[in-house]
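Two complexes, one shared chain (subunit A), two partners (subunit B, subunit C).
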Partner chain A sequence: MDKSTIVCRCEEINVDEIETAMKNGAETFDDIKRLTRCGMGPCQSKTCLNPVREIIAEYTGKPLADIRISRMRMPLKLVRMSALTNGSEGGNVASVFGESVEDGETNDE
Partner chain B sequence: MVKRMMNNVFDVIVIGSGVIGSSIAYHLSESKNHEILLIDKDFPLSGTSGSTQAWVWVHSKVPSWYGELSMFSAELYPFLEKKIGDVEYKRTGGIAPFFNKAEREKAWRLVEQQAEVGIDIEVLTRDEVLEKEPSLSSHVAGATFSKLDGNVNPFRLVELYVKAAKRNGVQCSFYNQVIDIEKSGDIFRLETYKGVFRAKKVILAGGPWSKDLGSMLGVEMPVKQVRGQILVTEPLQPFLKYTIGGIRQADNGEVLIGYSKEEVGYDRRSTLDVIQQTAKMATDFVPALAKANVVRTFSGIRVMPKDGFPIIGEIPNMDGAYVAVMHSGITLSPLVGTLMTELLTDGETSIDLTRYSLARFEGV
Partner chain C sequence: METDLLIIGGGPAGLHAALTADRAGARVVVADESFSLGGQLRQQTQWLSNLPGQYGYGKKRGTWVNEQLINQVGASNVQVLKKHTMIGSYLNGNIGVSDGDKTFEIQSRKNIIAPGAQEEAKVFPGWTLPGVMTAGAAQILINREKVLPGKRAVMVGSNDFSLEVARQLNSCGITVEAIVEEKNQIICSDGELVKTLENVPVYTNSTIEIVTGAGEVEHVVIQTPDGLKEVNVDLVCIANGFSPILEPFEIMNCHFVYQKELGGWLAAYNIHLQTTNPSCYIAGNAAGITDFGSILLTGEIAALSALEAMGFISSAEGTEQKSRCWRELANLESEKVLQARTEMLADYHQKHELDLPDYFMKIKGGKMYG
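And now, the complex of A and B:
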C-alpha cells in the first residue's frame, strides 16, 4: 500500500494518517479511530478494519492474529430512528432543564 | 532547557490523561519549570473523554457558584484555542427546552439565581424557541437560552492538550496502569506495568477510575460511576444551529443525541432499552429526526462526585497529593488546568477552592 492509499473510504483516511496516529503512540484500532475518524463513518469499519489491522501488524511487528478488532456497537447497519422509538418507555433519560430547577444543592438519583 | 533523560524521577506525575489530566499536564508545563509525567492505563480518549457529546455548558448549572465556575471556564476556551490549536470550539448558544407551561415560572427563578453571578439567560416563549430553532417540536412550551453555551470536538481537544504538553517537555506513558502508590518521606513511589516512577507530587485525575487510585493512597474517593449512552445519526444537512440540552449537530453533519444516566459500575455496553428511550427523546425534541438513520451508538462511564460538584485540590493530610475529579470535565478543563497549576506553583489559587475540597466529604 502506498502512503496515500485510502483505507477508510467513509472518512477518506489514508495510510499515512494511520501511521501518524501510531507514531503518536496509538496501538489499537479504536485508539487510531479516535485520532483520525478512521472507521467512524456509515460503514462502521466494515471496509477499513482489516487493512488497518494489517498496517498495525506491520508497524508493530506483531502477528495479525494479535491485533484486536474495533469495538462493534449497535445498530451495525443503518437503522431509521423511528424504528427505535417504537415501544420505548421508562426513565433513564433526564431533562437538562428539569435538573437545573430541582434543588441545586443535591444531584443524587 | 536541557532535557533530562527518562530517569523515572519527576516533580509531578499526573495520573489519567483524559481531558482533566491532560489539561493539568499542559497548563503545568507552560512555565517549563517542572519535570512532568502524564500516565494512563490506556490511551487518551479511550475512556470518558472520548465518549461524550462535549457540550461546553454553563447556563443551567446550579447553584449559581457552580454556574459561575463553568462560566469562567467556558470563557477561557477562545484563548486556549489560540494556544493549543483548533479544537472546534463553537459558542453556539444553548437551548434547554421544556414542554410544560408551568415550568416557565421555574425558568424565571433560574434566571434570577444565575443573574447574581452574571450568567445571562433568556426565557423564550414557544414562538421564540421555534423562531431560533425551527426544527424543534411544536409541542415545546418554552426554553431557557444562553449565549454562553456551546460545544467542542473532544477528540481534537484532548489530542491537542497532549501534543502541546509534549512540546513543553511533558513525558507520556500510555497503556501503562498504575498498580500501587506508596509514599516514603516526601516522595511518592508509583509501581506501574512499565516500571517504577517517583515524584514529589502526584495528581489523581482518573475520572471514574479515581476510586481505585484513591484506595492506593488509603483515600475513599466519594464518587459514583454513571453510564451515559449516546446515539449518532448519519451526516445530515446542517439544520440545528444551537446546542440543545440533549442534542447537538456536529460540523460534519452527524447529530449526537443523549442524556441518560445509569449506575451500572464500569459496564460500557450499549443497551437497547436506553437507546430506544434516547431515540424517543430525539423525536420528541426534533420530530424530523424520525426519518434520520442511526449509524452508531456509544456509551461512556462518567464520574459523578456524590454531591454532584467537582473535587479539586489537595488531598487532606497527605502533602504532595492532589485530586481533580468531576463531572462536566469538558466544560471545566481549561479552568481546572489553570487553577491546579496555580495551586502547585504558588500554593494558592485565584478562585477559592475550599468549597471544592475533598475535605468536605470527611465524616460523611
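And now, the complex of A and C:
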C-alpha cells in the first residue's frame, strides 16, 4: 500500500509516519501515539486502533493477539471544559490525578 | 444521584437487563449518550430469527423488537437518562456522566456496562474521502435518517451483515456495482440473501486498490486475480466486522483478554458476566460479537447476577434463572462464538480459582469447551 495512505484520520497520520516512529524505537500503540499524535483525535483511536495494531504486527512480525491496545484515558468522549467543572463538587474525577499510582501497570488478564 | 443498578448503554442488552432488574424491584437507571434508546437496533429493519422464547417464536423485525423494548421500559419504573454520556469514574469508584452542561456522579451499588460494538475501518488509499463509510453508517442513513448516501455503490466485504445492507441499499434504488471480498469465496451463510444479489458482480480474492475523486468518491479501482477492474461510483461501504467497545471498562480498571472469535480484545468476565471489577458487569456485543438472541440473554444474565449480589433474588433463584439463560444461549449462539466464549470463561475461572457452577458443565448437552 502507498506509504502516504492515511491511517489515523482524525490526526491525519499516514503509514510512513507510523513506520518511521517504529524505526525510531516505538514498539506499542502508545509509543506511536506519543511520537506522532496518532490516536489522539476526537475519536480517541476508536477508528485507528486496529488498523495501527495491524501495521505494528506486520512490521514486527508478531501475531496480532500480542499487539496490545492503547491506554485509554478520561474523558472517554469529547466534553466541554465547562461541563467538567459545572456542578461537579463532591468527589474528584479520578482522571490523570488518580491514575499516576497505576503507571506501569497493564490491564492484561 | 443514587440508584441500585446503573446501566451504561440503552441498546437491546442494556434495556433487557433494565427490565429484568426492574421486575425484581431494584431501582434502575439507564444512561445512554444518544437522544433515543435502542442503540444499533434502531435501524435493523431486517428479520431477526433465533430470539429468546419470551419474544414468541418466528422471525421479528429488529425495529419491532426495539419498539417492544422501549415501550416496556416506558411502562416500567426504570429511570432513563438520554443524552448522558459516561465520561469517566470517580476515585470512590462511582461512574461519572455528562449531559453536555454538567458532569455528575451516579452512586450505584452495581453497574452493567453495555456500550455495544464498533465497526472496524479498513485502510486503503482514498478511504478518508467523503462517500466512504461503514456498512452500518449507510444503514443508519437509509433506515434512520431516510437519506440516500449515494446512487451507485461498492460493498467491501461479503459477510451476512454486508450483504443484508447491500440488499437494503438495492431496495432503496441504489445500484450495487460490485461486492469485493478478500477471501476466496462469499462469507455470507444465508443462501437466500446471496440469491437476492445474484445480479451483482462479486470479486473474490480481491481488494480495493484505490478510491479517487475530486473531494468525494467518484472512481474505485479493484485489484482482482484477473487484473484491475474500475468502476464509477459515489459510495463505498466497508463491512470489516465489529469489535467490542473497551474504554468504559478500562476506566473502571477491568482487565482485558484477547479472543479473536469474540471480536478481538474485550473485558474479561466470569460466568456471572462479572468483570474483574466486582461492581461492574458486562453485557451485549461488548461481551463478544454475537447474534441478537445472545445479546439479550447476556443482558439478562448480568442483571440476574447483580440482583443476586444485591439480595433482590435468592441465590437459588439466581442459579435457576441463569442456568435457563445459559442453556438458551448455548442453543442460539453459533458454535464458533460459543466455543470462544466458554473457553474464555473456563480460563477466567481457572485463573481466578473460581468454581464453575454445575449448569455450565451441562451447556450443550454436556459438551464443554476449554
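Following the convention adopted for this analysis, the second predicted complex is superposed on the first by the 85 of 109 C-alpha atoms of A that agree within 3 Å, B and C clash if a C-alpha of one lies under 4 Å from a C-alpha of the other, contacts with A are read in each partner's own complex, and residues count from 1 in each chain.
Methods note: a residue touches a chain if its C-beta (ideal position, glycine included) is under 8 Å from a C-beta of that chain, and two chains touch if they have at least 3 such contacts.
These numbers were taken from a predicted model, which means no experiment stands behind them.
Student: What is the contact status of A:M40 with respect to subunit B (first) and subunit C (second): first, second, both, or neither?
Tutor: A:M40: touches subunit B, not subunit C.
Student: Applying the document's definition of touch, where does A:M81 land relative to subunit B and subunit C: first, second, both, or neither?
Tutor: In the superposition, A:M81 contacts subunit B only.
Student: Contact-wise, after the overlay, does A:N50 reach subunit B, subunit C, both or neither (first, second, both, neither)?
Tutor: The second partner, subunit C, only.
Student: Report for A:G25: first if it touches subunit B alone, second if subunit C alone, otherwise both or neither.
Tutor: Touch status of A:G25: first partner only.
Student: Looking at A:T5 after the superposition, I want to know if it touches subunit B, subunit C, both of them or none. Which is it: first, second, both, neither?
Tutor: In the superposition, A:T5 touches subunit C alone.
Student: Return first, second, both or neither, reflecting whether A:I69 touches subunit B, subunit C, both chains, or no partner chain.
Tutor: So A:I69 only meets subunit C here.
Student: Let me check the overlay on chain A: which residues of subunit A are in contact with subunit B and also with subunit C?
Tutor: Subunit A residues touching both partners: 44, 74-75, 79-80, 82, 84, 86-88, 90-95, 98, 107-109.
Student: Write out the stretch or stretches of subunit B touching subunit A in their complex.
Tutor: Answer in residue numbers: 42-43, 45-46, 50, 57, 59-63, 66, 96-98, 103, 106-107, 109-110, 113, 143-144, 155, 159, 163, 172, 174-175, 231, 233-234, 245-246, 258-263, 270, 272-283, 289-299, 304, 306-309.
Student: Spell out the residues on subunit A that touch subunit C in their complex, using ranges where they run on.
Tutor: Residue list for subunit A touching subunit C: 1-2, 4-7, 9, 15, 44, 46-48, 50-51, 65, 69, 71-72, 74-77, 79-80, 82-84, 86-88, 90-95, 98, 102, 107-109.
Student: Can you check the complex and tell me which residues of subunit A touch subunit B?
Tutor: It is residues 24-28, 30-31, 34-35, 37, 40-42, 44, 73-75, 78-82, 84-101, 104-109 of subunit A that touch subunit B.
Student: Where on subunit C does subunit A make contact in their complex?
Tutor: Per the touch definition, subunit C meets subunit A at residues 33, 85-92, 94, 96, 98-105, 118, 120-125, 127-128, 210, 243, 246-248, 250-251, 253-258, 260, 264-265, 268, 276, 347-348, 351.
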